[in-house]
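Let me begin by handing over the structure; questions about it come next.
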Amino acid sequence: MLLLFTGLLVYATIHLPARGDPEAPMHRKENVVGDPVAGAYFIGNAYRDAATPNMVTVILADYRSVDTLGEVIVVFTAGVCCLLILRRRMYD
Amino acid sequence: MIEFLHSYYAYWAIILLLVIGLYGMLVKTNLMKKVIGMIIFQNAIILLFVAAAFKWDATVPVLDPAYPSEDPVNYLNPLPHTLMLTAIVVGVAIVGVAFALLIAIYRNYGTLEEPVLMERMRSE
Amino acid sequence: MEAWVHLAVAILLPAFFGALVAVIFPARWRNAPWVTAVITSGLAFAASVAGLVYTASRGEVRYYLGGWEPPMGIELVMDPLSAFFCAVVTGMAFFVFIHGKTVVPRETPGKEAAFYSTALLLVGGLLGIVLTGDLFNLYVFLEISSLAGYALVAIGDRRAPFSAFRYLILGTIGASFYLLGVAFIAMETGSFNMGDVARVVPALGDSAPATVGLILIVFGIGLKMALFPMHGWLSDAYTYATSTSTAIIAPIGTKVAAYVLLRGCFYMFDPDFVREGIPLTTIIGYLGAVGIIWGSVLAIAQSDLKRMLAFSSVSQVGYIALGVGLASPLGMIGAVLHTLNHAVMKACLFLVNTNILSRFGHTDIRRFDRTFRIRMPWTMAAFTLAAISMIGLPPTAGFFSKWYLVLGSWENANYVFLGVILVSSLLNVVYFFRVLEKIYLRTDGEPYDEKNEREDAAVEREESPASMLFPTVFLAASLLVLGLANAFIVTYFIRPMIPSGL
Amino acid sequence: MTNPSESVIIVVVSRALARLIQLFGIYVIIHGHYSPGGGFQGGALLAAGVLLLRMTEGGRASQSEVSTEAAIPLAAVGALIFAGAGLVTLAFGGHYMDYGAVPVPGVEEPVVRYYGILLVEFGIGLAVMTALVAIFDDMVAPDPYGNAVDAAGDRAGTPPKL
Amino acid sequence: MPLTETYSSSLPFWAVAVSLLAVPAILWSARKPNLREFWTLLAAAIKFGLVLALLPGAKEGRVAEFVLLEIAEGIELSLRADAFGMFFALIASGLWILTSFYSIGYMRGHHEKKQTRYFASFAVSLSATIGIAFSGNLLTFIIFYELLTLATYPLVIHSENREAIRAGRQYLAYALTAGLLMVAGAAWIYGTTGTLDFTPGGILEEGMLSAGGMRILFFMLMIGVGVKGGIMPLHSWLPNAMVAPTPVSALLHAVAVVKSGVFGVVRMAGFVFGPDVMAAYDLNTILAVFAGFTIIVASVIALRQENLKRRLAYSTVAHLSYIAMGAALLNSEGFTGGMLHISTHATMKITLFFCAGAIIVHAHKENVSDLDGLGRAMPWTFAAFTIGAMGLTGVPPVNGFLSKWFLCLGSIEAGQWLVLGVFLVSGLLNAAYLFPVVYRGFFRSSDKFRKLGEASPFMVVPLCATAVLSVVFCLFPNLFFGLFDLATAAVEGIMKAS
Amino acid sequence: MNWLVELVLFILLLTTAVLALSVRDLLAAAAAATAFTFTMALLFVSMGAIDVGFTEAVVGAGIVGVYFIAAVFQTSRRTRD
């Protein structure tokens, strides 16, 4: 099964765009059908939109803030889960 | 050929890591080892994303006046980086819950070896 | 901007806010978490129903979170399909939460707040999966719901943590495979937005990474969905968890995975390609068919009601997979309708299981007897109705989803599926009537006589409290309504969601 | 793990170190706009400081830092700050999480977003710190049910089976 | 004969619903037997009245139709009181009144337990039966068919002893399998034709399916209805279900369930496949072979049964196949005979079961050999039994003669001499297994029953009534609400359309 | 030059991964896993993902390492495989 998995992945990767190629679909400004691609947009507009030089921060907390909200909630979930699993009562 | 290897060897290393991680999760009988396998597996996927965000001759995605931001070629793609931040934290959360479960299992059965555990569960 | 557009986010938020607020209350407000859970899930339910009606009449809603248009920002997509699944998820959650009023403090004493918070997180995560239009965002919500699911499964008897751990390992493999698939698709298409992907993939033509990505996603989601042969985690997880945990996870957890399957196969990718280019749906369909039989046979072998229901879940998930596997409008109608029906049936059955457990302290079928009927007449009536629906007898809801699946199988000339559906109905009869006989009849072989009558007259009625009884009976009764109204549901809600390529 | 360390040096050094780590954590949160870092990293550093204290000073003495009971509600508060910021934008007629929709007189939209991000990062930091501490506390707490089983598979407290 | 026209009316719906509505009332008054049985009788009377109200229209060829709602996409839950359905509904609802009276007497006389469940299930069964009669399409038919299965299950397992439960399981297994096959068949038809509405002359047309496909479809549907209709080799649940209380046997095995089965056979033959298709693909031959086989073999088995109810049960199996055989003849005489036999057999067999029940309750005898001399103690009962036996044999003044006459005519018309032979031989066999009972009752003397009087009037009156009905029906076929006209109208509809 | 660093890190990564899975002492395995995550963090940085690298170092290596040790102390240290 692991071999099957490996074969599948290798098959997929040799058809992938080469690593670091700036013309890969992910890095281009427009995709095949002419829609803008998010990565290039972020690079070009992050500072303009939020006056923050760190693009990752802007994406994290603004463009894709719901992802981050979800992430915070994941951590919160983990906390509540551990409580639920290991603690006897919530408050002593 | 060298070109090809150069472009793709990272992917294959990642696949190797993925397989190692999957092997750890599925084949190892110690539950703690399964968690280690899980960590490897998740990190390998994160690495795949980060590798995908990589561009030759580009700088880190923090705005630098020396590089014009209009041309995306100058900066690494920040999107996968952001997503992987999330993925890392998600991974930590899962590992935390997994450890909590392991502790609960150990309290209940006194072992983390799957065969022993199965035997003790069956004998109840 | 029209105010109705905010419905999409109004469905999603109450559950998360409820989860966060539930743990803040001081300990002496004992009922506060329950009230929070009921109110928030009720709000979400109301919003989903409104959304369902809205999408049916005015078409889909795309909500740009943060005001950023995709692919920059994340969008919530409330189209007929997602609104439908939202309504199912929130509705079931609402009723199970009502039901939990007296059970949860008994099963998880001192941790009600954590329990409701986790359960609301589960619901919120599932709603997020259903609503989001972004592949990575879906992963985040998937993990929220999974984590909450692991924790809910882990509380229970001594064996629960181990079954939860196995669930965690397999669930993480599933989610990771999903993420891996997303990585391939994103690297090939350059976008994480489902709409973008749907537009780009046909333009790429035959793209190996995208195909492999889809296969990985389907495999990962199949694990989450407990599709045969990846169902191993489900039975233990459902059996050893506390009964309310099971009641909240079982009806909706696997359904949402089925939703992702539908989304991925028919909306993101071209159905024709998925059906013929890679025979993916066919494989799903056959796996579902095997799962139906396998789950039913194992359900027959169980002596514990809860475990039997767990295996029956494996088999019922198979129906949904089978509907997906038909890859035709009728198959899809069958799958979606069965999602609704099975959610209601399973919720009802697990609530009955909870009622029995909380009254008699066990759910061992071998120890059921005819006094159950006298002690808990309404619960048993609900069980009977739900069982009839599970078997698929008209005019209950279960019949009609099978009817569409049967029609779809004929249409595709797939006689294997047809046979499987028919045979599995008979297997369902075996394991449900076995229980019904125990509940209603005297089974020691002697005729029913005056002595029995006196004994029966001496048995007191000990029905569950109203908070437990109402959801159980209401869900059971709604099975009849759903059955009779299925044409309405199909015409107004399910037909519009069928993608044009199917 | 949660007993006080016996060495005074370790206690003193770790206390100083913990403060340093926490300071750095706050810096990371605030400076996340300009350099790598942000709520998560800062929150995790804050948590690391607390965990250091938990391990050296002992679980009880370090309760004043983040008490075990308050951890989860505080995490909820942190997440609520984040989610509530979204509600505020909704109230001003924007989309959920659209900080730009909040009209602050005299401040341009990008700058509003800037401060929106900062607020959110603090929420994240609080939530991550407390949640991570809560997980650790739950992991190291002694078995609350007192029915632990030893490695041989026997219940603690009951005589071993013959 | 006027052309059929349809008009919308909610009467069919209420006719179905009234006994369902009685169920809550029956359950609610579980502690008050008199009130409970009042509800039963009231519902029975109202139901009969409602069916009667539909009669004038049906006679004129006007079909009352009621569409409740769309039950599945493109298919409505429609009730149509056409002539054939009316015919069946009239018999079922009419005999329910009698059976209700008889049930009260039997259940009280026998001190049966769980009478509330019994009466409630009974009411649901009747609803389902009328629903089957009025079904406007195949899916509606299936829905009521399954409902009938579920509703009669509690009746079969009524005594809750081991054999009852076993019989119940067998019944479920047979009936549910049959239902599933019908569902599959219905799906096939829907997929092929896009409709499931019963049409006189058939939904299917020649060439719609391959010959093999048509035969498989025919088998699926015929197994579906044949299980309830007791066609061999699918009959074996029926004698085993005789463990049920006798009114159940009477109603189940004379009116409601088994008649629903053969009603279904005729429906399938006349309204789904249609005579043309049947003839074109030799489907009638298949049906005739099975029916003929059943008639002969079941009669022979009946000869060997010692238990009176089992003997009657096998007799039922045989007579049900008369009806199927009538449909298989594919001419108007055959259809008429088959339909008439639904009614005639109902009255006759219900008489016989009532008698058997009276004997069980009153004299506590179940075996044929124990009945010596009982006729003198229970003259009314045995007189009724004699009439019933004569009817089944086909002796003129009783109505069995009428239907048999048409069946024989039909077989002559069709030139099927073999079929005619089957009818004649089975008539002899009927005589052979029924008259010994009469003979023992009246002419074997025994002192056992000297002090035993007649059974309770609650039982005797209904059984005499049905016996009289049987005779009168033969002499004046149209006297009772024009049953005969209804049958001929229905048949004309089928034959004309094809 | 850069790719050489990367190659070394990859090799280190694979080594620590295999080590973490094969060591019999769970505490050592925890250490190896932490080393693995830390190498991963370095690799991220070398690929230019400084944010990710930083997070991985703090969260992955730091917090998970602590959790790991806590979990091992709460359970057993030995393993059969």
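In this document, chain identifiers A, B, C, D, E and F correspond to the written order of the chains, with residue numbering beginning at 1 in each.
The rule we apply is simple: contacts are C-beta pairs under 8 Å (C-beta built on N, C-alpha and C of every residue); 3 or more make two chains touch, one makes a residue touch a chain.
Treat the numbers as computed from the prediction; the structure is a model and nothing was measured.
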| item | value |
| --- | --- |
| Fewest touching-chain hops separating chain A from chain C | 1 |
| Touch-network distance, chain B to chain D, counted in steps | 1 |
| Remotest chain, chain B as reference, centres from CA atoms | E |
| Taking each chain's C-alpha mean as its centre, the one farthest from chain C | E |
| Centre-to-centre distance between chain F and chain A (centres being mean Cα positions), rounded to whole Å | 21 |
| Centroid spacing, where centroids are CA-atom means, of chain A and chain D in whole angstrom | 22 |
| Mean-CA-position distance for chain B and chain A (Å) | 13 |
| Distance between chain centroids, defined by C-alpha means - chain B, chain C (Å) | 29 |
| Where chain D touches two or more other chains, by residue | 34-36, 38, 40, 72, 76, 79, 83, 86, 96-97, 99, 128, 132, 135, 138-139, 145, 151 |
| Residues of chain B whose C-beta touches two or more other chains | 10, 18, 22-23, 26, 51-54, 58, 61-62, 79-83, 85-86, 89-90, 92-94, 96-97, 99-104, 106, 108-109, 111 |
| For the chain D and chain C complex, residues of the former touching the latter | 72-73, 76-77, 79-80, 83, 86-87, 90, 93-101 |
| Parts of chain D lying in touch with chain F, wherever the complex brings them together | 1, 36-38, 40-41, 44-45, 47-48, 51, 55, 132, 135-136, 139-140, 151 |
| Residues of chain B touching chain D in the complex | 62, 85, 89, 92, 96, 99-100, 103, 106-111, 116, 120 |
| Residue ranges of chain F in contact with chain D within the complex | 50-51, 53-55, 58-59, 62-63, 66-67, 69-71, 73-74, 76 |
| Complex contact set, residues of chain C against chain E | 333, 388, 391, 393-395, 399-400, 402-404, 406-407, 409-411, 418, 422, 425-426, 429, 433, 437, 441-443, 445-450, 452-453, 484-488, 490-491, 495 |
